[in-house]
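Below you'll find the structure, written out as structure tokens, and then a few comments.
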Amino acid sequence: MKNLTHIDQQGQIRMVDISEKPRTFRLARARAILKAKKETIKLIRKNLLAKGDVLSTARIAGILAAKKTSQLIPLTHPLNLTNLSIDIELKKQKIILTASVKTVGQTGPDIEAITAAAIAAITIYDMVKAIDREMTIEKIQLIEKFGGKSGHYQRRGYPDK
Amino acid sequence: MKNLTHIDQQGQIRMVDISEKPRTFRLARARAILKAKKETIKLIRKNLLAKGDVLSTARIAGILAAKKTSQLIPLTHPLNLTNLSIDIELKKQKIILTASVKTVGQTGPDIEAITAAAIAAITIYDMVKAIDREMTIEKIQLIEKFGGKSGHYQRRGYPDK
Amino acid sequence: MKNLTHIDQQGQIRMVDISEKPRTFRLARARAILKAKKETIKLIRKNLLAKGDVLSTARIAGILAAKKTSQLIPLTHPLNLTNLSIDIELKKQKIILTASVKTVGQTGPDIEAITAAAIAAITIYDMVKAIDREMTIEKIQLIEKFGGKSGHYQRRGYPDK
Amino acid sequence: MKNLTHIDQQGQIRMVDISEKPRTFRLARARAILKAKKETIKLIRKNLLAKGDVLSTARIAGILAAKKTSQLIPLTHPLNLTNLSIDIELKKQKIILTASVKTVGQTGPDIEAITAAAIAAITIYDMVKAIDREMTIEKIQLIEKFGGKSGHYQRRGYPDK
Amino acid sequence: MKNLTHIDQQGQIRMVDISEKPRTFRLARARAILKAKKETIKLIRKNLLAKGDVLSTARIAGILAAKKTSQLIPLTHPLNLTNLSIDIELKKQKIILTASVKTVGQTGPDIEAITAAAIAAITIYDMVKAIDREMTIEKIQLIEKFGGKSGHYQRRGYPDK
Amino acid sequence: MKNLTHIDQQGQIRMVDISEKPRTFRLARARAILKAKKETIKLIRKNLLAKGDVLSTARIAGILAAKKTSQLIPLTHPLNLTNLSIDIELKKQKIILTASVKTVGQTGPDIEAITAAAIAAITIYDMVKAIDREMTIEKIQLIEKFGGKSGHYQRRGYPDK
């Protein structure tokens, strides 16, 4: 039976020991979806057209959060990220946020990508909450992973959204 | 037409000015759902029974993240939180995380509650990802809010899960 | 002869004791100027026209830095900032950044305003350095202060720039 | 025509991808000047002679800020700094702060050096502001850079101050 | 039988709810002792006489750590500290560090004082470890507490050291 | 005569320059002891038996603090830790906390291990202080070190506790 890698024999949490893993190129992508009312999305689109900075604020919050991941998620390893971007797509009733993170290190940046997508989505929520308190963040998930022993992983159904 | 409170006339982001709001008691609750395979949930339950600390790790990560919110979400105000708790419920194929946050301050801790729930969920994801990479975090949403001008808000459908 | 308030009889640093000061409304404004080549400013302006986010990145970096001031500048007191904005003006050969910070607290947010202006300016420097390494940040100074015993202060020569 | 490296085709900010750059030794030096009244400088010198710790406080604040740069300046990469020092020189009407930063990494520590010099200068301002609110921080600039593709750069006019 | 205040009926950790406590003046003092070889203390004393900054570095590290306590110790409440100082005394074979912390808030700063004393002691250890790796930090303890329901507490045996 | 490595000729603090040291595997272990009344230890043991999370909270606080060391202790170098664990043993009148830290880097993680042990101990103190304010943290010390020029070091008397 499979075991939880972050848990030792006594059920206690532990960091996974990556001391002997090689430093290699690794990449991860994760996605979050912010569901909102049509008119909320319209306002955001209007802000975008007016050169407003709702979406850039979300992008930067996501980028900074990825760099802060080892402080936020207790058992993650500090990583020197070498590239970070947050892509944001406006649909009629939702906003799709995709975080791509690269590193050259001993483990992959999947949690960094997930954290970046989640925090970017919460940032938009925060800026828009006064007009639409009922927005929901959906489907935070890892969609791609490259590097390390497990090779290339792409989530089923992706890139279909 | 309604406007984005965090955006000025030029479309530029700004913090909402709360200087003249009174310091009052305020509360917020938010929820996140981590969907996982049945056997993943079973492993987590087994860890719990064995006095393991997967769930406490998530709770602490969520609590610390709530206290860090003003650094993570750019336009939020620093708040002196007076109480914080993360309730975690294991269901057959999902884990329900509910964060409750209190403050005595000039604005409510809704983003703190949402951030706590999201980070607690990502923390479980991190500890279990080696056995189930396809978990998804769903339905991050505000479910209750109390205090301030807008009074008591309870999300429709809640407490049904 | 005047003394350094942050230094005790032995010349050792100390925080100023504000325990008995009242919580009142206080405001501070500070400015930084980034001097650059004409063509550098042109590129930034072009980015702005193209709805790019160089300036919003600087604004957000400044806002986050103001909230982080008590960690950056050792003897400052933690303050619950109630409002923060960074105004950025493009001139032919320079960029003028003005940070305005408000709080309701026991001391004023002058160092928060200065830190915000400085970090916003360094953020622009960072994004543009590949094309103009010789930009200089000039005239970081406090330009206005309101609240507390010392009343309203406005720097001489201001608002002339 | 030159382009902004931190900006993509759509004008959106992005981190520069350094994944394929080699890890090499890199160094940067930056300077800030704090202009103050003669008597202010005298007080600081007196503190120094009395074994006071105004200048050490500034040095430590600058060193800690350099290590925090990737959290302060959104598009910078986390770097493992291998050496850091802040040199502080008292002149009649000004204080010259020079930060030297080394790393073995995939990009240079120029923004770290600039941030260290700026924060060290603001720290002195903070400790002395009660007696001289009109101090100004001037000429924050990169003065030297070594390592990476661009070779050795030394700013014109330097070391003349 | 007494209960653990930070633990609920299920044995799960929780923050203590201080929402209804009044904001009052509170103070705490804590101490740590760094035991070292005589010659190590001599070197530190020599540095002090030479206007060196070993002790100021420790003081500043302690002050910054106190302000960071709510991020370091999971169940502590964020507090707006109003005064902070670290007193350091050199004895023949030990260094006595005493941290005094004040706040106007809903709970007392005892953990802030303990954290400040501990981190200041570790900072000296770090700077001196190359010559004396066997130093030990002893007797980290709360020595005084004032404010709140429990009144004035002074540890037995104190001020004897 | 030996010199302080973190101090230059003028007695000013400086970081040790590790730019030319090789990246190798390094490990450190440190210990802290929390002395408490028998009944306090009993309550903690009861919490443990009840699957409570007092000890996991301490473990996580220690792990996060180790990753934050370069921000807490001014002259330490940022390190990419590759493994971290905190072992906690309950005795009749004391709790023994042992932090083990690994890295692949240019310097060893001794201060990280000491910081982790100290913060984990303070975390237990915080959770239990309402019933036993007089607990003391004793004997924070480095007990083992491996890697780097100085080879393998094991403290005398260890593993005897």
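For clarity, chains are labelled A, B, C, D, E and F in written order, and residue numbers in each chain start from 1.
Everything below uses one rule, namely that a residue touches a chain if its C-beta (ideal position, glycine included) is under 8 Å from a C-beta of that chain, and two chains touch if they have at least 3 such contacts.
These numbers were taken from a predicted model, which means no experiment stands behind them.
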Intersection of contact partners for chain D and chain F: A, E
Chains contacting each of chain B and chain C, listed by label: A, E
Between A-D and E-F, the pair joined by more C-beta contacts: E-F
Of all other chains, the one whose Cα centre sits farthest from chain B: D
Chain whose mean Cα position lies farthest from chain C: F
Centre distance in Å when chain A and chain E are each reduced to the mean of their C-alpha atoms: 37
Rounded Å distance between chain C and chain E, as computed from the means of their C-alpha atoms: 31
Chain D, residues touching no fewer than two other chains: 12-13, 16, 51, 53, 56-57, 59-61, 64, 68, 71, 74-75, 78-80
Chains touching one another, given as label pairs in label order: A-B, A-C, A-D, A-F, B-C, B-E, B-F, C-D, C-E, D-E, D-F, E-F
Complex interface listing, chain B residues touching chain F: 48-49, 51, 53, 55-57, 59-61, 64
Footprint of chain A on chain B - complex, ascending: 2-7, 10-13, 16, 43-44, 47, 50-54, 57, 60-61, 64-65, 68, 71-76, 110-111, 114-115, 118-119, 121-123, 125-131, 133-142, 145, 153, 155
Chain F residues within the chain D interface of the complex: 12-19, 70-71, 74-75, 77-80, 105-106
Interface residues, chain A side, partner chain D - complex: 25, 56, 59-60, 63-64, 67-68, 78-85, 102-104
